[in-house]
Structures are given as structure tokens and as C-alpha cells.
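Got a structure for you, written out below as C-alpha cells; questions coming shortly.
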Amino acid sequence: MTILHIVRSSAFNDNKLELCLSIVTEHDSIFLIDDGVYNIAHPSLLKLLDRIEVFALTEHTNARALNIDNKKIRTADLSAFVALTDNAEKTITWQ
Amino acid sequence: MSSFALIVTTSPTDNKTYTALTFAQQLLADGHSIIGIFFYQDGVLNANQYVQAPSDEVNLYQAWSTFQKQSATPLHLCITAGERRGLTDSNEVAFSHNIDDHFTISGLGELVVLTCKADKVIQL
Amino acid sequence: MMSDQVKKYAIVNTSATFNKFNAKEALDAALILASYEMPVALYFIGDGVYQAQKQQNAESIGAKDFIATFKALGFYDIEDIYISADCLSQRQLATEFAFTDAKLVSKEEFAVRLNQADVILTF
Amino acid sequence: MSSFALIVTTSPTDNKTYTALTFAQQLLADGHSIIGIFFYQDGVLNANQYVQAPSDEVNLYQAWSTFQKQSATPLHLCITAGERRGLTDSNEVAFSHNIDDHFTISGLGELVVLTCKADKVIQL
Amino acid sequence: MTILHIVRSSAFNDNKLELCLSIVTEHDSIFLIDDGVYNIAHPSLLKLLDRIEVFALTEHTNARALNIDNKKIRTADLSAFVALTDNAEKTITWQ
Amino acid sequence: MMSDQVKKYAIVNTSATFNKFNAKEALDAALILASYEMPVALYFIGDGVYQAQKQQNAESIGAKDFIATFKALGFYDIEDIYISADCLSQRQLATEFAFTDAKLVSKEEFAVRLNQADVILTF
């Protein structure tokens, strides 16, 4: 993994996911936290799932009563998130 | 196990700040170290010792303070960003020291030092 | 204390449940207006529609469970609650809400209803 | 000529707050009256008397204060929103009164009264 | 005029203009202030100009070095903005 | 005071010039990093591209003219300045900038350049 993109806001509300997607590469991963977890239903994200690894923080999807049906979106808890930030060369936060 | 530097830019009324706190706690629980948390932009508001919250809510200012007490993690406050937002470490008559003791008064230079030293830098 | 005049208020929610503190402070304003016996209607549009979802768990992320208060809006005589159907379906959300009285409306009806207010506040 | 009530929800580091101030000044210059400005959400931070700004910038806290002095426009602070953000009117030992004297400590009830009485309500 | 819609944010950055446009009627007007003045170049706004009256605050376009070439967008200074808020039945602020 | 290590920093600007205080506080961070002799590159994407426009007048709306500092970035040895061409043209903006050294780049090149940084901070 090169860059872990941490996405913290809803793409239904602002353009941060769009900016992220404009420069994300296939070596990168995307981690959805905070209102970023709402992007599990956003068309722009969904069409990238075959190319880019996408995670959503379980604690934040649960708090927002979101269910993830799409098996291409991986769920991960806070400890898994910590491990991914540790494994990444670097992170970029979109908020 | 890696050493982390965190940067917090969100205020105590923003739930994203709670995310940053729990991330910091998880880092330590998982055996990593945090060389420092740098509070910048609206993040400096977390250091205001007069922040109050109803008893059934997490008071983020108190939670950071407790976190510092328990873990000895340095919480660096950017004083330039703080002064713009009503935080002051002055004890002169016209002022009133309102920065909680568990925060360290710092400048942006500390941002450089922390992010340069740490294995990993996370902005939350 | 009551004012002699009465105005109709619209509280328009455009923010997701945990986006800053907007949802909570919008609700606080609505409840106070109602306690002063002002007619208050709640509107949910954009990411605001997320607020109305059932089964959210605020306490698990350190926030107060203010969504629980939604169930009690009837006690405050807040009965006009409008949710944008377009915004809801765009976000692929369920139509079971945390309120009993919520009305799912088209954007045209949303505009008509909003226009009935004398004072409109957005959060 | 109409009577206006204004609602300000943005902080002194947000340029939108300067817009609100100049709008208020223009209202008076054009002969309208302002029955009150209600500071809510992050707008309450404008009342913090310790807000500092470099000399070549407008200090919005001071600008509001000056505006109040010159026009006698009531500046109402929602104390509930304020306490969450570190503003306090307490003079007890553990606290420190940091709300500028030109602001009036109020509650949300004042929002009802102002918006109900005014001919026009503008949220800025 | 029924409602004066005060738009304070850039539609290139968030969805507030979109929400405004979803419910604006032909009796209403739109006033662009703050970063809302960037919307003078936004396609969603441009296509409404024949139906809805749109104003932009001169002080804020000037501060941002924006030129308004489109004659369907009316420029107005702060005093004109005050007059419009006074004439409107009510206002709604999108920020 | 200097650290023994040197890292490459990317300051990514996504906010318009007067959106909150982001642009000013991003610039402050960049200048300090440069004064510690860290290599710093500036990136402008999304509404951040508005920051780079010529002829802005901050003082007319009560703000400090920090854009003037952009002209002095060379003194701080900040020479790598990348502006997203896509974001600029989407906003129908001029390509004359407040900097001398700005490079207009495609999103692909933006990504490649950004990847050269060790630490990425967004504002």
C-alpha cells in the first residue's frame, strides 16, 4: 500500500471524496470514517470497488445505523484501522 | 510497533474529535507509542479548561486531559492558533490563563519536530 | 414569558447526525420555540435526512442520544415533520424513521410547505 | 424602515462573520433598526474577550464590541452554546468570566423573542 | 418576491446551492455572498438564470477577483443587499 | 533548532481563500516547515485553486492579505507549487497566478507529485 486515504465526510454533502478519487491510484487504499462512512452508498465510490480497496470503520457505520451489504467494501474496527495506518507508507486525510 | 504523531484540527463540539481521541487510545492499547498530539486550527479549543458539557455527554476537553494524565502523552497546543480563538496563557491582569495544565503551550515549530521524528503522521 | 405575536417557524436540517453539533443545536432551538408555543415544523433535506434514521447509536461514539428526543416531539406539539424523498432515495436509505409523524415529501411539496413558514432557520 | 433580528452562527476566525458585522452596520446606515443579534453555535466564540488578532487584521471580537458601544445594539449570547465552547459568566474560583461586557448573557428563549418581534429575521 | 435565498458557499465544494435549487421557485430570488459568489460560474446556477433572479454581492466578488461577464447575473452592493432582505417576505440562508 | 531528520512535506489546499481560516493556517504551517529547512511543496486542488488567483483583495473584507506572501515563497525556498488544471478549468478560472513558480498539472501528475512527499497535510 502506498497511500491510505482517510475520508471523513459525506460525498452527498461535499466534494472531498471526489478530490480523493481524482488522485487515488490502484496502489492506494481508502478508509471511510466519521461521515465518510455514508459514502458506502455513493455511486462514485461504488464504481471504483473493483480497482481500489475500500474499508469502512465498523464503530462509525454502527453508530449511523448503516448496513454494508456490498461484499467489496471491507469492514474494519478501530484496531484494524490503526494497523492499516501503521502499514501505510503515509496517509492523507480528506475532511 | 511504531511511533505516531497526531494532528487534531477539530473542535470539542465536533464528533470527529472524539474519533481522534479513541484513535489515540487504540494506538496505545495496540502497543504503539505517540510522541505527541499537535492541536491546530479549531483543535486548540479542546484545551479550554472552561468547556462544559452535560453529565450524560463526553466532555472532550476533560477526556483529553484524562488521557494525558493516564498516558503522559504530550498534548501540544499551537499558541498562535489558540490566541486567535480566545485561549491565553497570560497571567496578566487583562487576561486569564484558560489553558488546561495538561496541554503544553507550543508553536508550529513543534509540529515540525513531531512530524519529523515520528514513524507515522496521522491528521485526524 | 410569552411574546404577544405568533410566527410560524421552519427548522431546516441539512447536516448529518454527527456533523459538527448542528443536529443537536437545531433540535434545541426547535424545542424552545415549541415551549414558547410557536408553531414549529422540522424539515430534513440533503444529509439532514440521515438524522431521521432509526437505530442510530450516538452514545457509542461519545455523543448524547438526542435522536431519542425525536420520539417525544409530539409532547412538544411538533407534528409537522417533512423529509425530502429525493434526498432519502439518493442516499439509498430506509423509509422507517425515528419519528412517528414524519411525512415523506417530493421537493415540490417540500418547497410549498417551507413557504408556509414566517421564519426559516437552517442548520 | 424595518426592524431586524440577526442570527450569527460562525466563529471569529470565519470570514463569514465579518460579512454579518458589515451587514449589521449597513442596516443601521440605511436607517433600519436592529432589535438584537443572537449569537448561537460557533457564533458564541465572538464574545470571548481573550480573542487576539495581529494588528493588521480585524479582530472580530473587538469589532462587535465596538459596534455595540457605538450603536447600543443588544448582542445576545446563547449561554448553553457558550458553555460547551468554553465561555463562562461564572466568577467562582474554578472559573473565570471571559465573556466580554458588551454581550448580554441570554438563552434560546431570547432567540424566540427577537425573531418573533422583528419585522425581518436574517441568519448570517 | 417570496423567499430570498442567501447562498454562502461554493457549489464546487458542497451541495448547499444544489439544495437551494431543488426547492427554489420562480417567485424567489437568489443572492450570492461569501464563497457563494463562486457560483457565478457553476453550471447548475447558469441554467436557471432565465427563470430565477440572481444577484451577487459586489464587495465579495471584488475581494475574490471575480469578474461577472454574464449580464443575467445582477451585481448589488451591501446596501442593495440590505434593501432586498427588507423587501423579501422572508429569507433562507444556505451555508 | 533543527531536527536531525529531513522529510518531504506536502501541504494540500482544498479550501477557498476565505473559507474559515484554512488558507492562512496552511500557509503558516508551510512557512514554518520551510524555515526548519524541510522541503515543502504546495498543492492546490478543489476550491483550493481559488487561493492562487491574482488580484484578490483580502483587506476589503477584513482579512489579512496573506496572498501577498505567496509572492515571497521563493525566499523560503518553496518552489514546488502544483495547481490542479482540472479543478481550475472546472471553475472557469484564469491561469495567471499570484505565484511565479506555479505549475499547472493534470490529476495524474498531481498524484505522482503528491506521492513524492513523506508527510501530507490537508487544509
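The chains carry the letters A, B, C, D, E and F, assigned in the order they are written, with residues numbered from 1 in each.
By our rule, a residue touches a chain if its C-beta (ideal position, glycine included) is under 8 Å from a C-beta of that chain, and two chains touch if they have at least 3 such contacts.
Computed from a prediction, not measured in an experiment: that's the story for all the values here.
With contact taken as defined at the outset, subunit A and subunit F are each touched by B, E.
Shared contact partners of subunit B and subunit F comprise A, D.
Work out the mean CA point of subunit D and of subunit E, and you get 25 Å between them.
Subunit F has its Cα centroid 39 Å from the Cα centroid of subunit C. Measuring from the averaged C-alpha position of subunit A to that of subunit C gives a distance of 28 Å. Distance between chain centres (mean CA atoms), subunit A to subunit E: 34 Å. Within subunit A, residues 12-13, 15, 34, 59-60, 90-91, 93, 95 each touch two or more of the remaining chains. For subunit C, residues that reach two or more other chains under the stated contact definition are 18-21, 46-47, 61, 119, 122.
Residues of subunit D in contact with at least two other chains: 13, 15, 19, 22, 84, 121, 123. Annotation, chain-chain contacts: A-B, A-C, A-E, A-F, B-C, B-D, B-F, C-D, C-E, D-E, D-F, E-F (touch as defined at the top).
Only residues 10, 12-13, 34-35, 38, 41, 59-60, 62-65 of subunit E touch subunit F when the two sit together in their complex. Partner subunit A is touched in their complex by these residues of subunit E: 12-15. Across the interface of their complex, subunit F is touched by residues 7, 40-41, 80-81, 84, 107-109, 111-113, 115-117, 121, 123 of subunit B. On the subunit C side of its complex with subunit B, the touching residues are 18-21, 61-64. Residues of subunit C touching subunit D in their complex: 1, 3, 5-7, 9, 20-22, 25, 28-29, 32-33, 36, 38, 119, 121-123.
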